[in-house]
Amino acid sequence: MKRSTVLGMLAAVALVAAACGTGASPKPSLDMPSSIGEAEDELNLIIWAGYAERGEVDPAYDWVTPFETETGCKVNTTDMGSSAEGVQLMESGQYDGGSFSGNATDRLMASGTVAPVNVSLLSNYANVFEGLKNKAHNSKDGVAYGVPHGRGPNLLAYNTEVVTEAPTSWDPIWEGGSEYAGKISIYGYSDFIADAAIHLMETTPDLKITNPYQLNQAQFDAAVALLEAQRDNGAVYWASYSDQVSGFAAGDLVIGTTWQFQVNLLQAEGEPVEAVLPDEGSTGWSDTWMIHKDAAHPNCMYLWMNHMMSAEANGQATVWFGEAPTSPQACTYAETLSPGHCDLTHATDEAYYSKIWYWATPRADCADTDAATTCKDQAAWTEAWTSLTGS
Amino acid sequence: MVESRAVRIALRIATALAVSFLYMPLVILAIYAFNPSRLLVWPPTGFTLGWFGEAAANPAVIRAVINSLLAGALATSIALVLGTLAAYAVQRYRFFGRESISFLLVLPIALPGVVTGIALRTTFTTFGVDFGLMTIVIGHATFCVVIVYNNVIARLRRLPRSPEEASADLGADAATTFRRITLPGMRTALLSGGLLAFALSFDEVIVTIFTAGPGTQTIPMWIYQAIGRPTELPVVNVVALVLVLLSVIPVWLAQRIAGGEAASLSR
Amino acid sequence: MTWLHPRRGLQLRLLLAGPIGWLGVVYLGALLILLLNAFWTKDSFTGRVEPFSWTLDAFDSLITVEVYRTIAIRTVVMAILVTATDALIAFPIAYYMARIASARTRGLLVIAVLMPLWAAYLAKVYAWRTIIQGKGPLEWVLAPFGIAGPGLDEIANTWLVLSYLWLPYMILPIYASLERIPGSLLEASSDLGARAGSTFRRVILPLAFPGVVAGSIFTFSLTLGDYITPDLVSDTKFIGNVIYDNSSLGSLPLAAAYSLLPVAIMIVYLLVARRLGAFESL
Amino acid sequence: MPAIRLEGLVKHFGGEPGRRAPAGGGTAGGGVGGAAGGSPGGSAQNEAIVAVAGIDLEIVDGEFFSMLGPSGSGKTTTLRMIAGFERPTAGRIVLHGRDVTDLPPFERDVNTVFQDYALFPHMSVGENVAYGLMVRKVPRPEREVRVADALRMVRLEGYERRRPGQLSGGQRQRVALARALVNRPRVLLLDEPLGALDLKLREEMQIELKAIQQAVGITFIYVTHDQEEALTMSDRLAVFNRGRIEQLGTPADVYERPATRFVAGFVGTSNLLTGDSARAIIGSAGTFTVRPEKIHLVDPAATPGPDEASATGTIREVVYLGPDTRYIVALDAGGELVVTQQNLATSSMEALAAKGRVVRLTWKRQHNLPVGDG
């Protein structure tokens, strides 16, 4: 084989690649199905771990098997480690849909990866709390792009044997945290910069932060400086929630940001761990099931979305993960599994959730129409996060 | 023997320490597999065989094992064909660029898996290739070829060429000679090469993560994901232990087939 | 076949079509596409790469943002450290296997080294994770001495676990190259008046060196690219972590550009290793 | 019609970047050096190695023909070109009137006995011998008869089921012979087939080979570097040097009338008289050779006969060889001659005591032969 032949082949590959690459159009199609057809045999989902349980850990929590039995759609799931990974998996085009947080849904809608959903085909949609419908993170131009799964805040967890008095603010993980040096557990993704920004909204009003996800240079620098101080105070970053669970269980961690899910797991093992929502408010999530515009199994996906709004499935899933159910019916069901669940998660308490900043994607245009303002985009956040944790 | 007694004793101790180092984590793994507690706490609180039953009944584990077996078998088959062809061409022909071939073949295993993984994933995405078992197989075959190639070329180097010439001399054409003389000479090299390629594929995780499609989780992928889920750790203990024990099979077989030859990493 | 008749060219082409087609087109093609991605722009919001929108932004970031340099240096230092550690541990055992152990012991030791090599990678990393983490065996062993366990956030964990993982990859090539040294050479050396020390330094070491280099290809390259081990046993970032994070966190061009670094390092490493005769010892 | 005709056969190895002579070619590639010029474009260090530099040769049907020469003289390469393992750079190979230059080995009516025998290790003796018949699709009954015949001819009846690994060197050699002969080739090529055997076995096999050749009546082309072997067995032989034939003739021709200095030296012991000493002793300029066994050692005072040449000198070294003793004599006229004397009545003590003695050498003038410089 001559060298020139090899190079020629490579060039050809590159050209074909380029041709295919430019062919993709970001325009979303607005062709929504008018009915749900016959179920296909399979359904491929991207999920947050714990969003599709088969009763393998606790037989009482199984909302996948009934769905499979009922519809014949065999469910395959892939966990996403972060919203960005979820976006990337979704863009591979291999999945029918997934459960995405706000910082994924906005990008998926913008890139046209996901399709609008004809909610009139979903019988359980009518029951959903109005406060969860037609929000910025799950709709565009008044058209629904998915259905809600559940919502919850990122909480402050603490070991009750070490932190004897329940904290009411985030201070213990920021300035006031020196007594817990090296034992502060921090969510290990760039989204956590927003948590710093929320703290700054309280402590440094001069920065005029109005949205913790859209930060201009000065605001951003202040947030990063705060995070650096926290790092130097011995923050331990968790990438998978099992890191955090084993850290708390082992006593290596005593306080930090968490999800209700980990707290439930730790409490189930008898660990002295509690969680609170501090007064400043918090970041949080309101997750949405979305369907890929070219889903290979659209009927199964529609059936799944409807299933996940049913009282049984939503009740189980939200109790399992420790988040708020999405309908009164689900709330009722959830109470049978875990009494007091809806109050605990403030399922109907819109005032409570007004203090929660749902995850969103940082954008160069600040996600507003004011051309004069510029903000740090996702790449800048990722880079800052790499600098923070990598050096 | 040029080594003094003291040197020999010191080497014996160093060897014993190194072997203990190699086996210590595997022993801990084995102990944890029988630990009844869901959490990993040392020392173990008791003894149970229960997790083995749970692992055996876990449908995700079973699916992952099947996927791993399939991917390994397919990747090994491709690697056997490509590796043998390449080794035969390099060892038995002279041509321009011959020296570069071994370099090209060793690249996929010498370059970091994360690079190979991203490159393949980006390429598949660009061409709209559906991710699934086949994309895993393509990734695995790419780095398994060199294992077969190294095994076969080492054998070809040792095989005298005169029997092939004798075969041609006695009237056999190239294909007949290859089938009746060359191939039988390479048989054990192919077996041990194939075995090691299979073991490598069965164990690979980084490239697999990048090339897997929905529903095609392999067993190492399952472990990786399960490590992130504390509730599954007892089952991870068991699966990990079983995988470690299973690695005896290729080692033992390769040793039997090739005698001392398998001492070298890849041949 | 050594005879050269007119169909030879065609035979060669048929033989090479498969392997070259696969590795030359699929593999190198994939690397080329990755390389192209390093020069392309991505949408700052959706993270999508736009083909043929040429830019050097990714390289600009790599050069201007200090952390990428820090991580690159850290990774290379770690690779050197792990390689050196493994060479130091591996040489005595390889020497013992090749020169001192009886045939029977040698066979057993070869198997004893091969088995952990082929044992599942993740199982081994996971085993270390269970050992190191709080309330694990390591803490339990250290507690009586009043030493605290390292926990899962020490960079030293990465060094320890990577050295463990790649140790068999170092032992076997060294063993193979030591075993190939004929005993008569060592006898000749002592016959000519060399003491054990000089025989070791002047005969054994130079002949075993290609084996060390061959082993170092594995220890070095595997360390250079691993991101799972650092992720599971520490919270330190290495080149692999940055590539992985960026490939999924939406800056594929940056991941692609950063990939070129380990690729370049390994290609140079391989060329040097080949020159040192390490490929024969692989 | 000759059995084989070689016309202007030339073989270069290498000469292109990155190429080297193949290792499998035995003595073919080494040692000759690129004196005859590299191929165009080759850089100095990649210059082509000229293994065969122009061979013209006719070999008669039914003849036992030997190619004799040192390592790297081109004899094996020539044989491999006849077999079809190497393709000549230039020239033609004609086998029984048919040009086979471009044919692969399996389309030529010749068979080879390899230096290392090249038995198939995974086949039994019977399968080895039957191989050529099997790939040529000879029906099984006939195959069995012919294999049995061939094994009988080499005295290996009953060894069909053995594996090559279970045979001695001599037996393997005979299997290789049977495997080639069973195909009834018109020409059998033998590449130093006795090289791996010990002396005694080699001498036995020489006789046996010659007997078999006479029995089957086909052309044998025999490559060897052992002059004795070539002289013993051949009808005719060619002496190869530096890729060329230096002399072609019957064993007696070559031994008694070496055409060149090289042949004189390679076949037998080199005993040369040159320059001044030649003029003084023989009486004419040029180079002359005398075979050591033709020279007599006599008293220095003795008078040589009219048909005898004569020279005086001192015995510098005595080598006792058992049946013979070899004396190395430094001539007064310059140069040295080796003299071999049978130890008919001489004891070793006597022979060794001759060292340092002044002697006269005489030989029949017809025994000193002029040789070219080759």
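Each chain gets a letter, A, B, C and D, in the order it is written, and its residues are counted from 1.
Definition applied: a residue touches a chain if its C-beta (ideal position, glycine included) is under 8 Å from a C-beta of that chain, and two chains touch if they have at least 3 such contacts.
Quick caveat, the model's predicted, so the values are computed rather than measured.
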From chain B, the most remote chain by mean C-alpha position: D
Between A-C and A-B, the pair joined by more C-beta contacts: A-C
Centre distance in Å when chain A and chain C are each reduced to the mean of their C-alpha atoms: 36
Distance between the centres, which are taken as Cα means, of chain D and chain A, whole angstrom: 87
Separation of chain B from chain C, taking each centre as the mean of its C-alpha atoms, in whole Å: 15
Chain C residues counted as touching two or more neighbouring chains: 2-3, 7, 16, 20, 24, 28-29, 33, 51, 133, 135-136, 247
Multi-partner residues of chain A (at least 2 other chains): 1, 17, 21, 81, 91, 246, 249
Multi-partner residues of chain B (each touching 2 or more other chains): 40-41, 95-96, 121, 123, 126, 161, 165, 168, 174, 227
Chain C to chain B touching residues, read off their complex: 1-3, 7-8, 11-12, 15-16, 18-20, 22-24, 26-31, 33-34, 37, 51, 89-90, 92-93, 95-97, 99-101, 107, 109-124, 126-131, 133, 135-137, 139-140, 164, 167-169, 171-173, 175-176, 179, 186, 189-190, 196, 199-200, 217-218, 221-222, 224-228, 232, 239-240, 243-244, 247, 252, 255-256, 259, 262-263, 266-267, 269-270, 274, 279, 281-282
Chain A-touching residues of chain B, taken from the complex the two chains share: 38-41, 58-60, 95-97, 121, 123, 125-128, 130-132, 213-215, 217, 225, 227-233
Of chain D, residues touching chain B in the complex: 16-20, 22, 24, 83-85, 104-106, 110-112, 114-122, 131-132, 135-136, 179-180, 183
List of chain A residues in touch with chain B within their complex: 1-3, 16-17, 20-21, 42, 44-45, 49-50, 54, 56-57, 76, 78-79, 81, 91-95, 240-242, 245-246, 249, 265, 269
Chain C - residues contacting chain A, complex: 13, 16, 20, 24-25, 28-29, 32-33, 36, 42-49, 51-52, 61, 65-68, 70-71, 133-136, 151-153, 231, 235, 237, 241-242, 245-251, 254
